[in-house]
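Chain IDs A, B, C and D follow the sequence of writing; residue 1 opens each chain.
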Amino acid sequence: MDIIVLRTDATDEDIKHVVKKLESRGLRANVSHGTERTIIGVIGDTSKVTEEEEDAIRAVSGVENVVRILKPYKLASREFRKENTEISVRGVMVGGKKIPVMAGPCAVENKTVLTSIAEKVKAGGASFLRGGAFKPRTSPYAFQGLGEEGLKYLAEASARTGLPVVTEIMDPRDLEVIVKYSDIIQIGARNMQNFRLLLEVGSTQKPVLLKRGLSSTIKEWLMSAEYIMSRGNHQVMLCERGIRTFETATRNTLDLSAVPVLKQLTHLPVVVDPSHGVGKRDLVAPMAKAAVAAGADALLIEVHTNPEEAMSDGEQSLKPEQFERLMKELKPVAEAVGREM
Amino acid sequence: MDIIVLRTDATDEDIKHVVKKLESRGLRANVSHGTERTIIGVIGDTSKVTEEEEDAIRAVSGVENVVRILKPYKLASREFRKENTEISVRGVMVGGKKIPVMAGPCAVENKTVLTSIAEKVKAGGASFLRGGAFKPRTSPYAFQGLGEEGLKYLAEASARTGLPVVTEIMDPRDLEVIVKYSDIIQIGARNMQNFRLLLEVGSTQKPVLLKRGLSSTIKEWLMSAEYIMSRGNHQVMLCERGIRTFETATRNTLDLSAVPVLKQLTHLPVVVDPSHGVGKRDLVAPMAKAAVAAGADALLIEVHTNPEEAMSDGEQSLKPEQFERLMKELKPVAEAVGREM
Amino acid sequence: MDIIVLRTDATDEDIKHVVKKLESRGLRANVSHGTERTIIGVIGDTSKVTEEEEDAIRAVSGVENVVRILKPYKLASREFRKENTEISVRGVMVGGKKIPVMAGPCAVENKTVLTSIAEKVKAGGASFLRGGAFKPRTSPYAFQGLGEEGLKYLAEASARTGLPVVTEIMDPRDLEVIVKYSDIIQIGARNMQNFRLLLEVGSTQKPVLLKRGLSSTIKEWLMSAEYIMSRGNHQVMLCERGIRTFETATRNTLDLSAVPVLKQLTHLPVVVDPSHGVGKRDLVAPMAKAAVAAGADALLIEVHTNPEEAMSDGEQSLKPEQFERLMKELKPVAEAVGREM
Amino acid sequence: MDIIVLRTDATDEDIKHVVKKLESRGLRANVSHGTERTIIGVIGDTSKVTEEEEDAIRAVSGVENVVRILKPYKLASREFRKENTEISVRGVMVGGKKIPVMAGPCAVENKTVLTSIAEKVKAGGASFLRGGAFKPRTSPYAFQGLGEEGLKYLAEASARTGLPVVTEIMDPRDLEVIVKYSDIIQIGARNMQNFRLLLEVGSTQKPVLLKRGLSSTIKEWLMSAEYIMSRGNHQVMLCERGIRTFETATRNTLDLSAVPVLKQLTHLPVVVDPSHGVGKRDLVAPMAKAAVAAGADALLIEVHTNPEEAMSDGEQSLKPEQFERLMKELKPVAEAVGREM
């Protein structure tokens, strides 16, 4: 809320009104009368000015625009913490030199299939097992996930393979059971601005994988990370998974430039999910390599032993042998940019 | 899932695979071998084919595309119910010839301000009082609403003015208290695909105002209505409130063409919220008129007695005298299209 | 280029560098050292600062952002000219109280069909005949228009009916012949930033109908109007015809809020083309009414005597009887907002 | 135009109408009456059906949708030519194993600066010199390029360094002079659908670099390539340079998934321009690496000896030493994906 631009037709009354408002919040105003516009610079600690106070200024008659210079998030900002945050999950680091891969099916379907996939991705080189027990589906008539039963299968597969588990939460009422059975709590794209849910996971000490909303700006995404962190949980990973654009050749448009942008703005680790980003199996490998080259700290990849029978997102799931090959191909790419797989 | 297009390089094996899959679901396949593509028409009741079964077909090797002809929603569709649905809320009809207006502040701030606004919008001609007690805010440091206290103020203002109340739900755990104090439950744009919340409000008998998500297609919006209706609650109103585009001159891009599109696809009433759609006070009146001319069944308009001190969205709130003038100006527009205010 | 924000890590050297740059352009710098950012206010006539000079400032190390307060267009701005511009085309006014309608086929197909349509739209109440002789088509294999022959048919139909003609230019080499045969030169959406073409039509004295680009912001659109006006031709009409978004239920998303936004920013008349905006015949009438209610100064509507045989855009063309009915229905809407048809 | 879906309320008359239309074009109709929809499969060579004929079918009453199965482009399609097209430009191959880099300033400013940049990029490892003599600028008051003089400087710098020249065309009237002085003709993003210009460059035998439009789909982009190829010039390179989305943290959203998508759909070489894609110097290197990892055949990178004084796009230009470092860093990335720099 640092700079306030007034319209050409703003009156002295309007200017006084703005100045009074600023002073009532402990700030000072530096009014510059230009030939065409009057501009008010705000002096003092504007980081405490909330959005609604900014809105209130904007609502004053005569005000044309309010330009906020300071970032609206703090804990998530690179300025708050200069070093990269590294998150340790049962001994696996996310955000360090090594790039771990989280792999598994979109949805947990049954114990046999899950166990088989878990063993295959472990063999292929994955560091985490992903899988959904609660599934957000656009249709009420579609498979909604196995619920707690699915979580138990995940925990069993984890015990068997040693892979920590990433799974999605959709409802604050499921928090306790998800915390019990998993290692990383995933907030899905459709819940990135489910603010109550963010506060709930923020009050746990579990690492959180926060997916970017379908049409969320990077700034809004960091604000959602700030929600979680504001409750004391600083173990947040940001996961780019494609944004919605006019292009229909891919399921979403994977915004890989978000990776270096985030590396400048925040200290939090950045994960990329090429599977949802493109939505087509054949495109996953090139985009996974591009993600690593762009600086991603981890990857999230869908793998299914029998994609044609998968109950969700089979179209974009790699087969275990494809996953294994990709893992091998990623190795030299990671090394080329000074990282390790 | 009615038409399946196979790639030029699809083998006989691939085709057999698809046919077998269809037959295992009680459907029949009509295979047409063209010069460049093989196309399989699906015969039988494909409306029972779920999304994941469609995905499974898409995941079969050799399949290029699956074209779904039937709409994935049923209860919400115009084909399910030919006549317009009219919803009666404490005697006020939504979806009939008369166009009711829901007016009030963005957020409930305190009892005095709310009561004053409620009386003003009543005097101006509003049929409903809107106001948020639970507020979704991008920043964790912003005012989050008064919670249950705010709901009580709304109920009191309603008792005083006779206006039924519209208020937003953000968390399934608040359902009971919101049902107790309000007449229409609003699902905000950011929760349009909070599927658990949709199921919860679907299990009540309260009318629901379902706002369109920031980047939701009309089809996804109707799928979310279907979620609510699938639980037995058919009293759903769809509220257009602007979508996210590249244009920044307005807060969002109000998609008024959604109004006549919805009138063709669904029997549910269509509400338009020009305040959020444009985000600037001066633009609300022309867009409210345009909404009525396009065929809207109701309007949602933000009004505040002192927008410059509003704790949320003051920039887009009308002052009571502006609201009153707009109500007068809307009258001839409504009549011009065969409606009434 | 009025406000320059420096990064936290900007050095004194950086600041001096920026100040020197400003001074070399005859401007003065007002440096304010804040606790977190240094901000430089630019004093003097910044309206002469070109884009590349702004870019040059932005490229200085230490500069975080440059906030331009003054609009980058002048002749097109409401500040340059307070009163609405009214454009007289062979006696028909655009931009006045009366709302003229430009109607006709997408493409000129042959003399008989065109003459018949021209007579029908004249009878229905149109004030202009529209029709393309040069057609921008996405496919090189599609009908590209009749060229000069088509222009002659337009001129003949105009002579017969008295309706002035609106037609599109695609190539500067066609300027002479288009000026000869038509009354308003249309710049299509795909050529909104064909800057050479803008300069060419700017050097004529023919009124210009400038369509908004598919993904052009309102600001860019006004910059393109500025291109034309900078050459001396101030008779520019801005035509909203839908922007590209993620929504596929309509051909484009008709951005009607652009109408009141433009009314604030510019003195130029605003035209709305609901036919291209929605792309479906059934949706044209409600959106035409909404356009008038939103404040449009004129409408552009596609009409064809036999849409099913139209060589272009038949899907969105009204039949003459539908056009006639719409013209009748628009009358009370126009009156409701203080206008006339 | 291969599948036609009829509405539930389509009459026998409507169906006959469609069938007759198809037969008049030498096609046969396969009508399947389903329980909810009637579907007509089109048999015969539908690749000759033009867009306007497809539109005509869509305009028939009773028709709900027309689903085109065959791609609307031919010469550009992978099906037309299975092997990758390699384009030789004065001995430098584009589309082969080696990834050439086209580097230089956005605009040619004067002879001294250009020569200096050309020598630096040559030393850094570039294979082509890029630079604009005709510049598309949003403002009529901005530097529009040196015109023919700039072309001469490019030709001189090319003679001195041996680097072939890439430069942009904006107007068909400049074709002759651009062909004379340059080696690759660039069509800029804003002219991707300047169809007349496409036909003109299609009639030369110069290789063409076709940039993707700001909001063009991959399909439209390939249609524009088809325009050029339809005139006999098959030497077309497709250049991804970022699309317009809601995100403002980067100048555009670089759509790297377009690279593997294009590799499936077309045989033409794919170039990536990370400089325009992100618009910020610091982001160019990671995105250049990501582009190579995704499978790009060439890169286009802006370099300027003094970005702070550049007359255009200085903000996104690398300094020569940054370019040199990037070239070294790209080497192992290229090798990691089986390519060479």
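What to note about this one:
In this section, contacts are C-beta pairs under 8 Å (C-beta built on N, C-alpha and C of every residue); 3 or more make two chains touch, one makes a residue touch a chain.
Being a predicted model, the structure only gives us computed values, none of them experimental.
Chains that touch both chain B and chain D: A, C. In this assembly, the chain whose C-alpha centre lies farthest from chain D is B. Superposition on CA atoms relates chain C and chain D by a rotation of 180 degrees, given as a multiple of 5. Between chain A and chain B, the centres computed from C-alpha atoms are 26 Å apart. Look at where the CA atoms of chain A average out and do the same for chain C: the two points lie 38 Å apart. Centre to centre, using the average C-alpha position, chain B and chain C are separated by 31 Å. Annotation for chain A: residues 215, 244-246, 248 touch two or more other chains. A complete topology is adopted by the chain contact network, contact being made between every pair of chains.
Residues of chain C touching chain A in their complex: 2-3, 5, 8, 30, 32, 34-37, 39, 41, 43, 45, 47, 65, 67, 69-70, 79, 215, 244-246, 248.
Interface of chain B with chain C (complex): residues 215, 217-219, 243, 245-250, 253-261, 264, 277-278, 282-283, 286-287, 289-295, 329, 332-333, 335-337. Across the interface of their complex, chain C is touched by residues 17, 50-52, 55-56, 58-61, 72-73, 136-144, 170-173, 190-191, 193-196, 198-199, 214-215, 220, 223-224, 226-227, 230, 244, 281, 307-315, 317 of chain D.
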